[in-house]
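Next come two complexes, and both contain subunit A; in the first it sits with subunit B, in the second with subunit C.
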Partner chain A sequence: MYEIRFHGRGGQGAVMAAQTLAEAAVLQGFHAQAFPYFGAERRGAPVKAFTRIDEKRISLKSQIYKPDMLVILDGGLPDIEPIADGLRPEGKAVVNTTLRPEEYDLGISVDCVTVDATTIAYEKLKAPIVNTAILGAIAKADDIVSLDHVLQAIKDKFGEKLGERAGVLNAEAAKTAYDTCIEGRCKGERPLVQKATWLPPWEEIPPGTALPVANMGEVVVGPGSSWQNLTGTWRIQSPMYKKDKCVRCLRCWWSCPEGTIKRQEDDYMRWDYRYCKGCGVCANICPASAIEMKKGAREW
Partner chain B sequence: MVTKVISADHAVAWAVRLARAEVVPAFPITPQTLIMELISEFINDGEMDAELIPAESEHSVMSVAVGASAGGVRTFTASASQGLALMHEMLYAAPQNRLPVVMVNVNRSLGAAAGIWLEHNDSMPERESGWLQCYVEDNQESLDMVLQAYRIAEDIQVMLPTMVCLDGFVLSHTVERVEIPGQEDVDAFLPKFKPMNVLDTESPKVFNPIVPPDYVVEMRYQLDWAMDSAREVIEKVDKEFGARFGRSYGGLFERYRMEDAEYALITLGTATTTARAAVDELRAQGKKAGLIKLRFMRPFPEKELVEATEGLRALGVFDRSIAMNRYGPVFTEVRGALASTDLPLTDHIGGLGGRDLTLEDMRAIYSIIGRSAESRPERCVFWHSLRGEQR
Partner chain C sequence: MSEAKDITKLTLRDVPNKDYFLWGHGACPGCGVAIAVKNIMRILGPDTIVYVPASCLVVFAAQYPTSAFDVPYFFTAFENTGAVATGIKAAMRRKGKKAAVVGFAGDGGTFDIGLQALSGAADRNEDILYVCLDNEAYMNTGIQMSGATPFGAWTTTSPVGKVIKGKRRFKKDVDHIMAAHEPPYMATLSIAHFNDFVRKVERAKSIEGFRFLHVLTPCVPGWRSESSRTMEIAKLAVETGMWTLFEAVKGESSLTYKPSTMLPVTDYLKLQGRFAHMTVDDVNALQRWLCMKWWVHYKDQVEAPPCKLYETERPVAHDGDPLHGV
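Coming up: the complex of A and B.
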């Protein structure tokens, strides 16, 4: 059995990547399963997805804790989550980053393929949806599935969902990634991030599903606790505001799902980049093209 | 204290008034409607200070009840049959949020095979929901149990919603002698509701958020544990009620002529009354028959029933509903509780859809149990008053 764990952000397509890899494995004659795990369905929130591949019928329905391969759709995730936890020492990593493997510190040194999937996705798809590019790098990292089967699965799956043209473009993104990714070995120098958790025994959970403002260990819960959750760290593209074009219609202001757009006295806007997660809703809804999404976590 | 000759529905309305419930969301359904009619009269006449909120459906009724209880006020509602079924989704909001709403369900069969008459197939499926659930035998007990239900539900050890089930028509529309306790006595027995969590802008809390898998196991266990601790609160409240009002009901269940009994029947609700008559007859004939009136389906008195049935040679269970293709739900519970014993058990299905349950039926039931003490019965489930042969 070969187990792959994907780490990405809501909107990057980790779930589709896991499913497409399973399809490629089935095209190759294997049994396969793929499934997601996510919390509240928020664009930009860390998500996990899993793919299992085996020669025989798969007899597990649980999550993957000791993966043979780790696929990281946002190279910055290990800064905030203990991504590499459980990765087998003989396992492999596939990372979307501009760094070379030997420059990338995953926290565990393993065979690694790095690829600038974000640039490829912007070029081929005009959006930071990196799932298909990363699939090309997966085919390079391990021959468990061949590139041909990966490309076929992408054309089938994305073609069926988004139209034939989208299928072809996404397959091209994968092929480009396969050709340009870099093989090597990543660094294992930094410790895994320790996340503060609150996992109390049952007696210590406040009864009645009602949480007051409180410190539970190192975790703040209850009303107002989201201040500690700097959703700005989720951002891989950033809204740039062109004040001269703004017609002060306020649509961006009331559409922002995180409330990060601050309305000024004169009805012009200001962005709170500590919490802006770069979802692009504001740019999409603006009738005056006064907001443009720019690649990367930037501020103006 | 005054004595009145009133129906169980009206006895319930009196209890709600005496309990000083402050919010009463309602939607009419026979045979519950008499309760809400009298409550609305009390409010109209200035005899009760409460908001009666007519909602557009039972689903909304339970939503209002949950909201009112979270607002920190004593809340009452009542329903039956299809109405309770429509509430099903919202019933689950009350227990985990620890909102001690009290509801009376006037048992009525859940269609199809639509009807307005008595069956327990409306309330029995809801015993999984986290509500305490008790069944009463007469009109006085209907009144008394609503008062007790608030004390039990609002006890800090419990803080769970409670459903008092009473038999449609056999109680709801039958008048009997009922003692109405004095307001001062009730006030002394039932202090003002002290909620566990309150919607309060001065002390904000997050209520009922999405709960990730990291916490749900512990929260469910907490709820299960709270329901289990309700067993001792039920016994305590019943004793205290008895000391104050001179009436007590045995808590989780009542034993009738069980001291030296060799065989016995477990009943719920009004079937108990007719079973008492059958037991008295058998005792007069020198036969050692006994009766257990099960009062609570949740919490279910497993340990207590094992102890109460020790020494019996046969036990029957009366069920006024059938879990299709299996047994009556009470039988399933009792058999689970007595799994470690080799007591012969029989299930007696009767009185479905309002079919009258007669003394003759009860005699037949006891006769089968008596026989099963001597030799293994030919089957486990017996349908009573069924026309045609049971196959």
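Coming up: the complex of A and C.
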């Protein structure tokens, strides 16, 4: 059995990529399954999807904990989560990044293919939807599925859903990725540390439903403890504040869904980029053009 | 804030600069619900107990054991916001504690599933604040149609087919259902009309008895809109008549804001992918309905409907069930 785990962000198309890869495997004559992991978090949050490929019928239905291949749709994800956890030492990794494999630190040193799928997606599709480009790189990384079957699966699946032209463009993106991706071996210097959680057995949960603010080892639980979730890592564009243009109308402060815009004593603003998700509401509502959205997760 | 300040003169500047709905929650970027809840919590302050039924808010704000609410928070099932808030208030009364109890329900939990508990609480005139965060569908479970979904909108249970495109009925008027209960205070709010918003929440905070606030909260994935346009869409909803701002004290309603001119509804529709399929006939049907609504709502200020109405209204088609009405 060959198991592939996809890591991406909500909206990048990790689920579609997993499904398309499974279809390509079926076209090649294998049995395959594909399914996403449903977390509670929303757009921009890290998401997972899985594909299993086998010569015989697959009856296993669990998540994939020890993948043979890791597909990373956003090269920055290892900074947030230990996503390489469980990857077999003889496994492979496919990463969307501008770096070369030897420069990329995954946490486990394995055979790695890097591809600048974001640039390819912008060129071919005019949108940062990287799932089809990454499929081309998967075909390069391992011959479990051939490029022809991947391209056919993309044309079928995307063509059916978004129209024939979209199918062809997406297949082109995959072909470009297949031609331009770089093979090598990535670094394994980063420690893989699981995020601390507090999930006691039910007998140890405090009686009743009221949970006071409490420090449970490394985790704080109870009212107001959400600050431990640094949602700023979801950001793909960042607001830049120009204080000299600010008219102190407080509209951005009012309309920030995260509360990352801090109102100062003098009614000027300060940004807490640790939590900013980069939605752009503040830049859109500002009457004085004092906030500008810039590409990438940046801070000022 | 100085206590002496007249509530009708409050502005954005008077909102306390202390958050009780904290950062680090998992809402989508540009979430309208998060904007509404954050600002309501700023105004209500620390002596508040929050109850949330099944909705996006419970999933993104408070997953055991963490919570984004910096105040006591409670969650049970979908249909009982009115009942549970009543119970919490009763417990506080019994313990001799002064605390405002607020229930944040979604439109599904208000219009459809929670209507009986809401009606009961309003009927008993319980001393609670009920906030309906209306994003016009069951967004938490993946965009299913609710009674709040507007005419023509796509959802997964009002899909776009060859014959029937989107929802075939108009939005349920839950505000008039609530006004008929004659509660001490009720109001409709828009996150984009912030001064109006501040005044209404402050007013609701100052009154005893059952209070109902109805907020329109644009939903980025469910409305198929851009995350940066949340406030713009909320503003256009009011300017096109899709959303009307009023308040009612013991059933006596009064307008709080009237747009100077009525913008065509297409200004609102074109920013949202859920209306992208709408035919000219459907847009006209919606526009006619809005003109009628505008005329009824602003009767004292408008002499005639702002656009031509057909003399006999074309009946609105049913959902496509061949046995419908048999």
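To be clear about the criterion, the second predicted complex is superposed on the first by the 220 of 300 C-alpha atoms of A that agree within 3 Å, B and C clash if a C-alpha of one lies under 4 Å from a C-alpha of the other, contacts with A are read in each partner's own complex, and residues count from 1 in each chain.
We adopt the following convention: contacts are C-beta pairs under 8 Å (C-beta built on N, C-alpha and C of every residue); 3 or more make two chains touch, one makes a residue touch a chain.
Please read all numbers here as calculations on a predicted model, not as lab measurements.
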Between subunit B (first) and subunit C (second), which does A:263 come into contact with in this model arrangement: first, second, both, or neither?
-> second
Return first, second, both or neither, reflecting whether A:31 touches subunit B, subunit C, both chains, or no partner chain.
-> neither
Considering only touches as defined above, state whether A:88 meets subunit B (first), subunit C (second), both or neither.
-> neither
Subunit B or subunit C, by number of subunit A residues touched = C
Would you check which partner chain A:202 touches, where first means subunit B only, second means subunit C only, and both and neither mean what they say?
-> first
After lining up the shared chain so the two structures overlap, which partner does A:226 touch, if you call subunit B first and subunit C second: first, second, both or neither?
-> second
Those residues of subunit A which subunit B touches in one complex and subunit C touches in the other | 40, 209-211, 221-225
Name, in rising order, each residue of subunit C that touches subunit A in their complex.
-> 12-13, 15, 17, 19, 21-32, 34-35, 38-39, 59-74, 191, 194, 220-221, 226-232
How about subunit B: which of its residues touch subunit A in the complex?
-> 96-99, 159, 196-197, 203-212, 214-215, 217-219, 221-222, 225-226
Once bound in the complex, which stretches of subunit A touch subunit C?
-> 40-45, 198, 209-211, 216, 219-231, 234, 249-251, 254-260, 263, 267, 272, 274-275, 277-281, 283-285, 293
The answer for subunit A against subunit B in the complex is residues 39-40, 199-203, 205, 207-213, 221-225
